[in-house]
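In the two complexes that follow, chain A is the common piece, with chain B as its partner first and chain C second.
This part shows the complex of A and B:
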């Protein structure tokens, strides 16, 4: 695995029968140490979790958050608010309105991400990473794979616009893509989960790098946790 | 770790701990990080899941077909809460929580004896007798001869006797909040799904939030220093059963229970609570749905009891009542979960102990097995379990 932060990458992490979230922590610490601005869309864990691990890895996340280098979007809190507020109250500004309202999409979430990382003109200021942990939670909560895929497509256009090879020739050299995206999808091999598989296929199509994390094919071993492949 | 275990230490050595861990009776810090652990009530189960339930997380128990052992684990969890003076919140849809609480196993008697003694010791003066001067260990002469017993309530992990029930005074004096679904939500409202949320789960989450707020378990709200904090134990018995209104037998399209678990995680992560949920996943048709629920909980174990299945006659399993599978272990606040030595566990229920042990496949039981079909032990030795099924049929022909 490369150790330097590369721009214009859409990295997809998929895990099967194991947990690939250690890679999220790895990327988080790598990019924060590299001086990038990071927007962490945390749908699976609380800030305390990332902070506790970050301290062990030598990355002080609370300071990064105060300085503004890390923008944290607390998905757990938004989800809780959506769950417990009465339907008569307007859902207001909650970015996860799609969880209650079947007709809504993840557009408010995309707008929130955009306001967090872009300047007023709507362009990225400096190298920025969008880290999504993780997309399968959105599917479990009822968002369709199509909506999630659209959301990630918009994010990709925002973060790494020069994906196709031929475009690079036509664009001016100063318009190099500034951002990168890393996202995590669960893809368990022994269970038939249609929505998750559809989402995985869409993400694999969009992504430039695919890291697959799985257990050892020979069974459970205490010291070696698993293997990962790079595509 | 800071000296909080209360064993009689004679030295004055105290390890300096950089991180300030909350000292709450009945909990202990985990070996992995500065997290607090709470006992499940079954010490052998605590051992295999990494010391106990991490405060702020959920332990999901996937029930066995008749639900007996899962109910038993819930009772152990509640009994442990009473012994360690943790407030309880118990919810159930079919069995009234009061009935569950009335039937808790009594702690094994020497723990009670110590607790009673402790009450008397505290009130009376400690009587330190001067022993004869020590000739060899004279350095220890001037230290106190006895450390005060901290009492049974600060011990971690008690043993219970199932033949007796806990005394009702102990149960009644314990602070507890019960959630019985037919009381909280009248039957007419249960079927009404005006939105995509199951109203039963919403009511449950709201009552959990109320208890957390009122009992001052919320960590985001700063408390004055002299308020002693304790951990709330939440037990959700048989969630997701048809009585809770699960429609379609639990298919992937139903998002009420996953959303409830997600919102519950949001509440738990910022408060001093530990949660045990039992779900009858064998009722769900779709494995994908079960897998999604597992991903939204922190630690998951599955019980499989032998009652009524052909495994009951299998001589390899003759000492045990069922199997226990660890499907997932908590990764909260750490990079990796606790890695157990092996994944083959079986449990057996004795009068005074619910023991979870490693399952060792025995060697060849008899030398004179004529046909392979007759040998039930050989049938267990499937090659797919990895490193542990090392014994195979080793009849070498020379």
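This part shows the complex of A and C:
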């Protein structure tokens, strides 16, 4: 995998029996350093966690957020509010109201992402990365794989409509997308979760690059934490 | 067979290309788009999973009419709607034929390419899709103003249940199941290749099922041939593996002919025989005796009476 910011890519990270979130921090620091605008949709961790890791990687996320280079969507807080607040206390404005309302979709979340990264005309302002950590949380909270797939489809159309795929050699440079997406889906081999497996397959069809992170087949090792495969 | 269906020398009204995550069907789909644009007057492309441009490279795009289900299939975007292009709305009733009738270009017959059926199957029941496809295939120039010569549809086999696949397979005249994925193109653009299984039904009723190997050139032309079964020299290997276990030993395990004859005469103690016993000879086991009398179906082996030896 090239260690540079590539436009038009939909990178799908999957992990099995290990934690692939280190790649989220890697891409976050890589694209911030590359001068890209980054929108981090955080469903698994708080901003403090990403900031603490970012400081170790030499990327102060607090400054990036203040400058406007980093747009942080606190999905963790929104999901918690849906379960702790009463309906009349602003659940109607929550972008994750699909967690309680089975008839709702993730359209409000998509609208929020779009307002964070697009201009008033609804187009991207320069190279932009959408980083989603992670999609399996939505499925765990009861959102169907179809709704998550629809949400990611619209994100893909927004970020990389003319994405590089099997026709990489065919893409005209002027048609290149301004954006890119990196998302994480858990794919633990020891967990039988049909909905999550369906979600992974949907994302695999959307993605242009699949990074599969897994533990070593020989077992735990102190020095080598795992292996990754690129598809 | 795949190549014949692609080139039109083998007639097929509904072609379904089944792929999965490991075996990408888009290169084969691309070949169909390219070939249909050459030999048909008009091609209607229903694209929902990829932008139209992905499949139109190398094709005569003047013959292709796009129906956009990729940009805004669920009507989430309020702005930037181009009224001139035909859009697919997955929230409204499904009608492939209606989309064809709405296009200004009126040529017939037309070919229809659908990428893919999965978004439709996620939003409509399976029978609705089948009914819409049936209506498309039965369209007639006199009654509907348009006639469809061929429909080619993509189908992700690992996203749907077996009943949906079975229903579509029943409708399809050609079912192409990709079994080994298309390889990624090399820097030199060597194309793609893979294996597939083709199930083809002719109008005469004959059903042909064969495993094939296909190759796609960088110019998106596909060639296929029947996959030959690998030659297995199994018998020759088995003959070589039989080694005499009694050879090369420091002790003798073989029997002479007289020893074999003497062994065959040995009466086993538990075998029931009808010879008279001596009246004054006491019973070997006064508590009871066990006799074994084999039936006709018993395969009694004197060398392995318990049938627990693994030679």
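Rule of thumb we're sticking to: the second predicted complex is superposed on the first by the 215 of 231 C-alpha atoms of A that agree within 3 Å, B and C clash if a C-alpha of one lies under 4 Å from a C-alpha of the other, contacts with A are read in each partner's own complex, and residues count from 1 in each chain.
We adopt the following convention: a contact is a pair of C-beta atoms (placed from the backbone, for glycine too) under 8 Å apart; a residue touches a chain by one contact, two chains touch by 3 or more.
Here the structure is a predicted model, which means the values were calculated and not measured.
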{"item": "Partner chain in contact with A:202 - chain B first, chain C second, else both or neither", "value": "second"}
{"item": "Which superposed partner A:85 touches (first chain B, second chain C, both, neither)", "value": "neither"}
{"item": "Most chain A residues touched (candidates chain B, chain C)", "value": "B"}
{"item": "Touched partner set for A:146, first chain B, second chain C, both or neither", "value": "second"}
{"item": "Contacts of A:104 with chain B and chain C, given as first, second, both or neither", "value": "neither"}
{"item": "First (chain B), second (chain C), both or neither touched by A:157", "value": "second"}
{"item": "Partner chain in contact with A:73 - chain B first, chain C second, else both or neither", "value": "neither"}
{"item": "Contact set on chain C toward chain A in their complex", "value": "21, 24, 26-27, 30, 49-51, 53-54, 57, 70-74, 76-77, 79-80, 118, 122, 156, 158-159, 182, 184-185, 189, 192"}
{"item": "In the complex with chain A, residue positions of chain B that touch it", "value": "33, 194-197, 202, 205-206, 209, 252, 255, 258-260, 262-263, 265-267, 269-270, 287-288, 291-292, 295-296, 331-337, 339-343, 384-388"}
{"item": "Touching residues on chain A, where the partner in the complex is chain C", "value": "105, 107, 110-111, 122, 146, 149-150, 153-154, 157, 161-162, 165-170, 175, 198, 201-202, 204-205"}
{"item": "Chain A residues within the chain B interface of the complex", "value": "19, 21-22, 25, 45-46, 48-49, 52-53, 56-57, 76-77, 79-80, 83-84, 87, 99-100, 102, 136-137, 140-142, 186, 188, 190-196, 216, 218-222, 225"}
